[in-house]
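Next come two complexes built around chain A: one with chain B, the other with chain C.
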Partner chain A sequence: MLEVKKVGIISCSGEECAGGGISRLAARHVLESTRPGRTVTICLPLFLAGGEEERYFARTFPTITVDGCEKRCAFRATEKLSGHVTKALTVSDILGAESAAAPSFSQRQLNPELERKIDTVSTALTEAVDEIMGKPAAAEHLLKPTVPPAGMRLL
Partner chain B sequence: MSEKNERKVMLVPCSGIGKVHGLIGREAVFRVAGELRPQDTELACLAEIVTQDKEIRERMNGRLTITVDGCPKMCAEKNVRLVGGEIFTSLRVVDAFRTHRGAQAGSATELTSDGWQISDELADRLALKVDEARQGGNKDA
Partner chain C sequence: MKHWGILPCNGLDKPVGQLAREIALNLAQDQSKTLACPVLLHSAPSVYAKTKEETQWVVLDGCNTRCASKLAAEMGFSVGKKINVTKLVEKENLNLGHSLRLGPEELALAQRSAAELAAALPSTRTEGEEEAAVVRDEKAAGETDLDFPASLTYTEFRQDKFRFRVPEGEFFFNENDCWVWVRGTRARVGVSDYVQQSLSDILFFSPPEVGAEVEQFGVLGTLESSKAVFEVIAPVAGRVLRVNEELEGSPERVNENPYEQGWIAEVELTDWEADRELLLDAQQYLTYLKNKVADFHV
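Take a look at the complex of A and B:
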């Protein structure tokens, strides 16, 4: 068993429903404010558009996916293209299907209600990060838990 | 797919989460789809395109699409091609910065007034490309 130093977060950032925007902003909040330095991210489409080093992401870091809707695209794409997902969160499970399926929003449209929803999801995500940080990583799912392969662009 | 939807131009931003460029492109696409050309455009989730599921392949197959990419990795364009989308043109946010040297656009979390200006200008360009696509203009790619 290996000690976990950083946790990977991959959000779907889906453009077709509010859940995607909520997943994106919740992930950004955790990366910047609640667990900076303990979390890293990567753009999901880089698993196909990038190189082998980018596809190593989920084999390098224990990874949490945050999906907007029940299609769980970030979870499925990460498992298929990168590696094992340690924890999968879905906005529709946390906030309800109606909130997640609402129309997508510009950040110009942010309001207290949306901010409360983003805060709720970022709290769940922060707790998931802490849960993983508190546990040793399962070695069989990790390639090199603290040393990214050469060329990996951490965001 | 209805004939009405067939004529709509699909818009796919990269929505990159690591840099301001991803957010600028995402917001430009939302402005076009929501305000400037709502009747002429449709959005597709890039994350779903990445899954390459049958459902999204069927939806994207042959669909005239404009992608907006934040960085030279061109994730949106590459992923749309992989599921059979027909690229009308690919816009790059880095190009939109050429007339804004030294602009402090914000971050991947929020845009400054400079960032919103760049995004709005990109949206105006994108809207014109949508018009070209609907009028059967020549593809860039």
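Take a look at the complex of A and C:
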């Protein structure tokens, strides 16, 4: 049995809308600044391409998906390939459909308005991490590790 | 002429993924190219079904795991150009650090790379560049022959009336039923028995341009029968040195033996070690082909 030590964040890599870019930068902000050491990310394209370490992690540890839009690719992929998603966030729910559906942006185009939106999503994500990490690990909720793939290194 | 589309890796766990994304966005926004989301492509391939047929793809891999390349191969994309951002960063001697927030130097590199990439795409060649390419083509045509075996041994299997051969030895295949035989930095490429059996009598061969650069999974000419047109999907990246000119007058040679007199082209390899990772050896291809033929005949 494992105690919950880390939470995996799986962000949309979206190119279809601004929500994708916001979710990526918000996820990274949580990983680097608000909850470093307690969160890890899973590379979604690698996860989809068959990365066994990524799939093992998502099967074994709690995961939060952050999707850019209502297509919810990150959530659907995680449910399909690794099982239960502990918490699912969607930028369009947090910021509204209009903000999420705006055209995708390059980092050259970051402005105070986009930074504010990224902050809002990263705050929601940080709260979701705390909600999972803060819960005492009751015996019946302790995680059962699956067998790691050959040669994999535990995170 | 097909349109150009962009398929980036977009990995979140490494800054090279972010840089790949940034180059892709620059290319899409500044050069009006179609941008595909790798995740949406995987989750809902039908979204890109129409675009896929009309598009030649620029594939941008962030790291050496090459997820975008694998995805392009899995989806059967026609790849015209590939960029490995890790190699690009090494070449630029740039230290990306750990953050996904790119600095001014990285943003400038993304912009510059996108502009260079756009300029290098064949549809944007200037007249002068075309002339230079012709000179390169003529030089390439003068290069010496590849030491290809005089005769081959085959493993065969039958399904109904069809006989499928897979040559033994140092042949590698992609899942698009094209083979490559490598010697040093050069290679010969062709199609498998499955292609010639599926097409039936081949009537026309459109060769690739000698001197042209082709990416792994890019198009290396076409074969046409009364049934269909088949794009020869390059199992390796490289520069076309020679084409089998015999096929232009006698395309039926591909039906007679696609591994010997029916070969398609010879190329100077760009990165065989990397290409090899995405190919099947002869034994693996035999297994793959048996399953494919069995499924097809169900």
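In this text, the second predicted complex is superposed on the first by the 130 of 155 C-alpha atoms of A that agree within 3 Å, B and C clash if a C-alpha of one lies under 4 Å from a C-alpha of the other, contacts with A are read in each partner's own complex, and residues count from 1 in each chain.
Here is the rule we use: a contact is a pair of C-beta atoms (placed from the backbone, for glycine too) under 8 Å apart; a residue touches a chain by one contact, two chains touch by 3 or more.
Given the structure is predicted, the values throughout are model-derived calculations rather than measurements.
> Put chain B and chain C onto chain A via the superposition and say whether they clash or fit.
clash
> Have a look at where A:120 lands relative to chain B and chain C in the superposition and call it first, second, both or neither.
The answer is neither, since A:120 touches no partner chain.
> So, does A:76 touch the first partner chain B, the second partner chain C, both, or neither?
both
> Now for A:34: first (chain B), second (chain C), both, or neither, which partner does it touch?
The answer is neither, since A:34 touches no partner chain.
> Counting only touches as set out at the top, which of chain B and chain C does A:48 meet: first, second, both, neither?
Touch partners of A:48: chain B and chain C.
> Share the list of chain A residues that count as touching for chain B in one structure and for chain C in the other.
In chain A, positions 11-16, 20, 24-25, 27-28, 32, 41-46, 48-50, 71, 73-74, 76-77, 104-108 sit in both the chain B and chain C interfaces.
> Can you list the residues on chain B that touch chain A in the complex?
The contact residues of chain B facing chain A are 12-19, 22-23, 26-27, 29-31, 34, 43-52, 73-76, 78-79, 82, 107-111, 116.
> Flag every residue of chain A that touches chain B in the complex, lowest number first.
Touch residues, chain A against chain B: 11-16, 20, 24-25, 27-29, 32, 41-50, 67, 71, 73-74, 76-77, 80-81, 104-108, 153, 155.
> List the residues on chain C that touch chain A in their complex, please.
Residues 8-14, 17-18, 21-22, 24-26, 28-29, 35-40, 42-44, 65, 67-68, 70-71, 98-102, 107, 110-111.
> Which of the residues in chain A come into contact with chain C in the complex?
11-16, 20, 24-25, 27-28, 32, 41-46, 48-51, 71, 73-74, 76-77, 104-108
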